[in-house]
């Protein structure tokens, strides 16, 4: 079974492109770092007993290999923990958006009628709004917190999945296999999740990979504007924001290193996403 | 012969006269076609309105102080000086008679008279949206004695009256009477050293020198006030010379400014105290977790432990980069009521731990520290540093730093157990903090509006109320000092941290003296 | 038929704006009391009550929303709590600066993105195509604020070539025609357009590649139609459709991202205004701003939809 999966045509094609593989490797590396940062770091930046003001704004040195911020937080350690938060927010909000958006989209497309109208109207209205504004208002008025940011980003992003899912369902439900399933007396639920869903995962995966990157950027931007995660548990975005304030005073390490890491993370995700999109795009098949 | 010589002399005189006239005219023309001097100021925040009676807020007040004059004004050390009122008497405790300066003109040429003064005071009293009501609420009546004399009667004896008058800018009755609030908010008509030219909200304000200003001419003909609220942007502007002077230089940029040999660097201790308030009225406080479930802040030993347990010196050194004055009490030294005998304690974590153990918390407790993140200098960073300090004596602090729009309503509803906040005694008199923060909350009498820890001590309340009505300066100060001593030394009702210091940078071509009240008054800049 | 469609869309757009206004109004209503932030510490409880009444916020939600709707019918969106001026005026004052930035950034993105996308699509494996693609990857991966920071660091702080903030002199409604204005525009526009450029580039490339593989293209080449004609006429025309859609959507996003750019460059537009107004709980401005933005957005989508029907004959109303 597993071997069959590995020999899957798509996977083979994926690995053909060197850049994509590099992206995958980097992402996997970052993922490992993020899963258990305590193994790789020598300071827990969230533990206030480990922070000493006397270490404030030290340039990179043997004690703190990438320098410290103004609270004496080790930038290297903070980066890895921040990476975890950024990844967590990106993945969690994407998964939630996919589940919610996809389900709503499936229901909307399959059942049609007023359910469809309502859901799509809401989606339309939301799409009439630049995403960042919605998230901005939610965060500015609701306060800070990782949970809240995830919800804010989910609220912004579910529409994309809903729209796509609905479009796919609309075209799939008239197809032969779906008709025959209905003729055979299968329940609607069974049809939706048993038959149609598996045939539609490809575009969703593609969109999701792109949107994970977007979600991470959105969180970073919100944190940059001061509306993101709490300051004692900084994400990469808030580290960059804090560092930006002091960037021109010469304390460059506080902003540059987290910034580079964020860039690397997003580029790796995009490399993977790019390749997946190229191989799954039927119109690019020769 | 005589006739001829007479004519000759006349013509020679004429020639000479002509030449002299020509020379004088040339000098006059050249003199007036001097190069217009422009002063470009970079400000951390702009004005919200051009109406000097709408919004009592430092940035707006600072900008409008260049266009308007009050009856009396603060100098750079917040001492009261004559301004539009050239003299005054206080014949009875409740009566103040002010004599207006003659010959003062508004920018449109109207003469300043008592009518304008009455109009200005009445407007604040009657306009629902004025933020200056607190400055005139003690006034019972304002009467015109004659065109240049005004009589104020206060409801009770009010020793701080003149200080409150510095906030009331005099507006031209003829221009403003009957106009809508929106119009007044866009068309300032004052008597001050600068006239209004244009206002691009959030971007800049352009002013032009008032050549008829009663106190003389300003050095600068044109004033451009640019709003550069992003710290890094503001610093970049002064470093590149795009502006001539900036306020609120971020503490981390001071080293760069100092090392730049084209710039001068100024610090001025300010009026704003940054301090911590604690929940002192509930037996169970919502954001504290202790082993016995009680509110630890009810015990004075715990409050003292906080005081000893916060390494304020490190905060000043590393977070404020040295640019803050350690605070031991409510008021900085320029404010009336300051007590030089009250000193700050030294950081002593061992003593703090001992106090906590004595009070029954040998293993500390958990608490949330609420703070704004966009109100005071480095507020969120200070809160984090405090949390870091307290962690070392066993108190686990969770920092919740939120925008001021969420923070202040939280404190007003007492939805907090422990919070960081500031207070500026902008009158220069200690009554401001004593009335607003220290006195127990009493909405009917208007006391303790910001006493959100709800600290209560009847002795202190009595002293505060007495000092508010005491016209004898020495007695008054004694009462204020005693109220403060009981509050801080005996009760530890707040944890004082530091006073903010104003930091300015300017080009070396300018002579600038910073003011305690943080205003930039261009007339004084040479 | 067309008329009915247009009417339908207009009605639809109106509903959208209505719902938006309701939601935003509600959120801001729930957000809290701005009076605390407007009044100084020495204000009394009485002052607070009077100010609330003067601003009309002591009424119930329904009453306030009703008053709002009545005002809207008169073309008035209320007065800003903070500025005291009509909210719509305050927003409109700042709008030209933001629009200038957005429009110029969009033009730059299109002018650079489309050609680069075409180049990268003709020979996808050539070294220059790969280089362009890598650049575009960077473009969509680097957050707007990071681009801005790096630009300011290099061009202002380190070299001093360009001014770090503000908007320059204005001539004929825009600052692009003066040298001073131009200098101030360069970095904000680059910051804003880097992301857009990359996106448009990639879309053009993908669209072109898809089309170039179609049989009718191969047929045209076989028939001897010059390469250039094939590329520019047939291929480009067909890849324009998704492009236009995206540009339409992206313009709205662009206006939103100007918020970050305006913060970094102290650009006096609506972005800074909205952040401050949210912080100050200045509900009329937030509502006015969002309505203006959604109006722009809705209008653009509407135009795009109508254009669609002309360009793509397959899309029947």
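Letters are used for the chains, namely A, B and C, taken in the order the chains are written, and counting of residues starts over at 1 for each.
Keep this in mind: a residue touches a chain if its C-beta (ideal position, glycine included) is under 8 Å from a C-beta of that chain, and two chains touch if they have at least 3 such contacts.
Just so we're clear, the structure is a prediction, and the values are computed from it rather than from any experiment.
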item: Chain whose Cα mean lies nearest the overall Cα mean; value: C
item: Between the pairs B-C and A-B, the one where more C-beta pairs touch; value: B-C
item: Subunit A and subunit C: spacing of chain centres that average the CA atoms, whole Å; value: 23
item: Gap in Å, rounded to a whole number, between the CA centres of subunit C and subunit B; value: 39
item: Whole-Å gap separating subunit A and subunit B, where each centre is the average of the chain's CA atoms; value: 46
item: Residue list for subunit B, restricted to those that touch at least two other chains; value: 232, 236, 374, 403, 405-406
item: For subunit A, residues that touch 2 or more chains besides their own; value: 140-141, 244, 247-248
item: Interface hub residues of subunit C, defined as touching at least two other chains; value: 31-32, 157, 263, 278-279
item: In the complex, subunit A residues that touch subunit B; value: 47-49, 51-54, 56-57, 70-72, 140-141, 143-144, 226-227, 230-232, 244-251
item: Contacting residues of subunit A [partner subunit C, same complex]; value: 121, 124-125, 127-133, 136-137, 140-141, 213, 217, 220-221, 224-225, 237, 240-241, 244, 247-248, 255, 259, 262-263, 266-267, 270-271, 274, 281, 283-284, 286
item: Residues of subunit C defined as touching subunit A within the complex; value: 12, 15-16, 19-20, 24, 27-28, 30-32, 137-138, 140-146, 149, 153, 157, 206, 209-210, 213, 249, 252-253, 255-257, 259-260, 263, 274-275, 278-279, 286, 290, 293-294, 297-298, 301
item: Residues of subunit B that touch subunit C when the two form their complex; value: 48-49, 51, 54-57, 128-129, 131-135, 137, 181-182, 185-186, 200-204, 226-230, 232-233, 236-237, 239-240, 242, 374, 403-406, 408-409, 412, 423, 432, 435-436, 443, 446, 449-450
item: Residues of subunit C defined as touching subunit B within the complex; value: 31-34, 36-45, 47, 50-51, 53-55, 79, 82-86, 90, 93-94, 97, 152, 156-157, 160, 163-167, 263-266, 268, 272-273, 276, 278-281
